[in-house]
Amino acid sequence: MNAELVANDPTGPLENRWTKHRFDMALVNPANRKKYQVIVVGTGLAGGSAAATLGEMGYQVKSFCFQDSPRRAHSIAAQGGINAAKNYQNDGDSVWRLFYDTIKGGDFRSRESNTYRLAEISVNIIDQAVAQGVPFAREYSGLLANRSFGGAQVSRTFYARGQTGQQLLLGAYQALNRQIAAGSVTLFPRTEMLELIVIDGRARGIVTRNLVDGKIESHTADCVVLCTGGYGNAYYLSTNAKGCNTSAAWRAHRHGAYFANPCFTQIHPTCIPQSGAYQSKLTLMSESLRNDGRVWAPIASAAQADNAADISEDQRDYFLERRYPAFGNLVPRDIASRAAKEVCDENRGVGPEVNGKRLGVYLDFSEAIDRLGESAIRERYGNLFEMYERITGESPYRTPMRIYPAIHYAMGGLWVDYNLMTSIDGLFATGECNFSDHGANRLGASALMQGLADGYFIVPYSVGNFLARHQAGDIANDHAAVADAVRNVRDRIKRLLNAPDAKHPPEYFHRKVGQILWDHCSMTRDPADLRTALKQFPPLRDQFWREVKVTGSGEAFNQTLERAGRIADFLELGELMCLDALDREESCGSHARTDHVTAEGEAKRDDENYSYVAAWEFSGDCSAPILHKEQLRFEFVHPSVRSYK
Amino acid sequence: MSKSTVITRDTALPSAWRYSVMRKVFMAISGMVLVAFLFGHWAGNTVLLDGELAFNEYLVWLQRHPILHYGVWIVIAMALLVHLAVGPSHWLKNRRARPERYYKRKYRATTWAARTMMVSGLTLLLFICVHVAQVRGWLVFGASDSVFRNLQTGFTRWPVTTLYVLGQVALAFHLYHGVWSLFQTLGAHHPRYNQWRRPFAVVVGLGIAFLNIALVLLNIDAVRAVLR
Amino acid sequence: MNLTLNIWRQSDPESPGNFDVFNVSDVSPDMSFLEMLDVLNEGLIVHDEEPVAFDYDCREGICGACSLVINGSPHGPQKATTTCQLYMREFSDGEEVWIEPWRVGAFPVVRDLVVDRSAYDRILQAGGFVSVRTGAAPDGNTIPVPKDVADRAFTSATCIGCGACAAACPSASASLFVAAKISHLGLLPQGQTERNSRVRMMLAQMDKEGFGHCSNHAECQSACPKEIDIGRIARMNRDLGRSFIRRT
């Protein structure tokens, strides 16, 4: 057991901590800022806003994204909205309430100081976005509209139809563009970070591959900020974009950055099920559908029929309504997801058979259509129904929708302290890429909030605080550490291109690791299953390096090579996820252990022994990482038990 | 500091020519001028039907009003120049903007008229040259001092009449797109009135072509004889 | 079902390209168009052939990365649909499919079906923003925006920057893309201060990038997966004219 991790958060009254901390931070004189170079990797909500703000402050910023434009970062796909404790609706909301809801929603596995700061900053984000011209929904008065989201008792969610992520990202992208035009930010699109440069324990740069011509380049700086998103794609099928990957974070982890709570991954219950083995990703449907749709599956597996209409009413099991009479179809995401999985595991799933299993349950609107009329339903969900029909070819007005849960978000990520600095000096992590704020489960409309809070309002300060304590200085390109990092990248690419017994495309391995994780480390986690899974990773990695087939060369545009590199990292992360899931002997939030349930079959948290952040250090052996614990102390809230019966 | 604030002071109109959109606006305005002229031109030409005497009187009347006469000349010459300065250069630029053509191409909205503006425009230019030459008596057939007779002799030859009719067909196509297009270019877009833009272009385009063709035909003795 | 694919191959911007013909079989109607290409590519890798390069990312129609001209239409035959949201049930067994990259001079081909759309980024960098410092914003509700104005601004702001408008335009013009941003910011009170300079700077950059000039063909709005209409272009033209008349 190692020394306990320190979060460096301030003490004293919760509501004064951020103000106090900001005062305590060192500042860089405006005239000196241009001497410092900051690397920001990723251009989503966190990265775009961080790069723009740091550039505006006067630092020399280099911004990197693997996509062809910063605007394509996957933040763009967030639908629902963004929370802020504005209390514009006068329904009793406050910073304190948003803080409490977030920490409770996270099942008491996040840091009080961070979560409170997030709630506090939430109001500034809205102001900033409005001033940038983000077209939020408005009331007839011309004032900002809100809705209640994800079961919250107050209406604190700001939204721009179903495209809030897109609009907020475009706001950050515009701010970034302004700095690019002003010359304070240099943009490197289609450039992927493949290695971190660490000199004397401090992050001093990155090695990148230009995805167009394959050039390997090193970029040095005074500090590095990773805003590279979550690792949900480890599961192969997820609602993430195809390009989403963990490589930047994993490279950092291999250099000593601790990876925290990797097993905390969120499942979204209402996704469109897989239609075949060729499926490349899953599409999320808004959770709001459960307001009017009834979830059911056939009672007996024998009743499996291709047509829902063939199953008579008495043969239908409205399992959410049956098991959770108080909340019915509106139970939280993790509970709804788990229930659907159990039904399918009992062979009662519906829809096409994929790999011998029918994975899907019905979400039926027929009753709502009878009650409210088709036009009322069209009014509410018209665009969603259209999207569903486009993808499946079935009309939800006539046949029930089929839904199945899918991986959606990663609460886990690089461990960071209160300053969002990882355990490597000068390496910061923001947004979904870090572990902070959401605990074991993220509330709806909180991801956008966290990404922007980190990027606009937190990391620019803490980067300044860090730089103020360090002299600005260039690293020579021929520095041994830089040369080493470049060589590592080249060697790895060479290995990927020249597997001794190359026969399978990289996706073959991605599907395999995804299947292991989905079967053993997703909605429910069984210790025996996890042990089985753990045995599969080392041989799978061996097989990968022996048999992966990457065509083409490293010196040209080569998407197969890009994917292979990312998958290699998922093969290592996957094992850590299972190790973490096995280590955490409790059920909390998204982490549902089959052996830690109450007598009624509900999740059983263990505050006494597991009220900590599990931060894993890379030991050189993927199968034997070192666990560090950051003890969570609750001074202001008292962990309570969630019940939705 | 963003650099955009500096540019606000650049309000001088001559700089407008640098913007392709403004050049297009000037082209639209010149197009409107030319269309207006066409109507006036046709109205004046109806005098042709009253015979040589009446027509000569009309010409004399025009010459007695040099401001009107030359004013119109200058305005349409300028409008034509603007049209010629923008149209072909934009057309060339547009072709260069897609160095490699599509091998398969499916259009969903554009019209044949819109895609052949250059063809119809050049046809019109040719027509205008022939027309002026004919009126002025520069062409071999029936060179005389009388504009009226120059026209009449011209129309006895089928190639001239055909060119006139062709010119008018080109005009109809040119205006079918041009008139509709100028609303867009000048920013006249309103959900309530948009539905009238195309009918208006059709009426103007077909209208002016029909009126002109009618006038040409009515000036051919044979046609008049039949009508009588 | 079985299909014959004619796919544009081009190894780099300078080399000439050509069509390769692929026969794909057992295509499921429930596959997306890109999944069909994924399957093709996996097969090519196994057979030691170079897979077809094409851009993609979110695969849910919002990131704007995918960019194929399918049978002569950017994003394929279905209305208001990005390529990634196009499903094979829109095609019929035995059909011959032509797949080309966006053909716009200002979007040079990177490889096969991948093009470089950074020209769009540069146009937005020229002025497609509101100059507000982080932290300098007043309370959100101090800037009321009438609902209909906010809705119209939103409609313009839904542009995903995919480039289909320029790809569809017979003149390869970027007008719809530029106009969408100008409308989005020009409609809102927040965008008024820089309204003149924005339209000027963005249009100057558009001309500089080598796009063609709008000839009002309206192909762009038919190809736009977000159904942004050419009324935005009319508005942009008006705004540019206005910038020569009014100071702010």
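Side notes on the structure shown:
Labels A, B and C are assigned to the chains in the order they are written; within every chain, residues are numbered from 1.
Going forward, contacts are C-beta pairs under 8 Å (C-beta built on N, C-alpha and C of every residue); 3 or more make two chains touch, one makes a residue touch a chain.
Bear in mind the structure is a predicted one, so any value in this text is a computation, not a measurement.
Compared with subunit B, the chain whose C-alpha mean position is the greatest distance off is A.
Chain centres defined as mean CA positions place C nearest to the mean of all protein CA atoms.
With centres set at the average Cα position, the gap from subunit A to subunit B is 61 Å. Per-chain CA centroids place subunit B at a distance of 35 Å from subunit C.
Rounded to whole angstrom, the centroid-to-centroid distance between subunit A and subunit C, based on C-alpha atoms, equals 27 Å.
Along subunit A, residues 178, 181 each make contact with two or more other chains. Multi-chain contact residues, meaning those touching two or more other chains, occur in subunit B at positions 2, 4. Residue positions of subunit C touching 2 or more other chains, listed in rising order: 126-127, 129, 131.
By the touch criterion stated above, subunit C contacts subunit A in their complex at residues 11-12, 28-32, 34-36, 38-39, 41-42, 44-46, 48-51, 53, 55-60, 62-65, 78, 81, 85, 87, 89, 110-111, 114, 116-118, 120-121, 124-141, 143-147, 150-151, 153-154, 157-158, 160-161, 184-185, 188, 190-191.
Across the complex, subunit C is touched by residues 49, 52-53, 56, 67-74, 76-77, 86, 88, 124, 126-133, 135-144, 160-161, 163, 166-167, 170, 173-175, 177-178, 180-181, 187, 189, 212, 239, 241-243, 275-276, 278-281, 283-284, 352, 390-393, 456-457, 460, 503-505, 507-508, 549-552, 556-557, 559-560 of subunit A.
Looking at the complex, you find that subunit B touches subunit C at residues 2, 4-5, 7-8, 10-11, 13, 16, 18-25, 90, 93-110, 114-115, 117, 177, 180-181, 183-189, 191, 194. The residues of subunit C lying in touch with subunit B in their complex are 17, 19, 69, 71-73, 98, 100, 103-106, 126-127, 129, 131, 168, 170-173, 175, 194, 196-198, 200-201, 203-204, 206-207, 210-219, 221-223, 230-231, 233-241, 243-244, 247-248.
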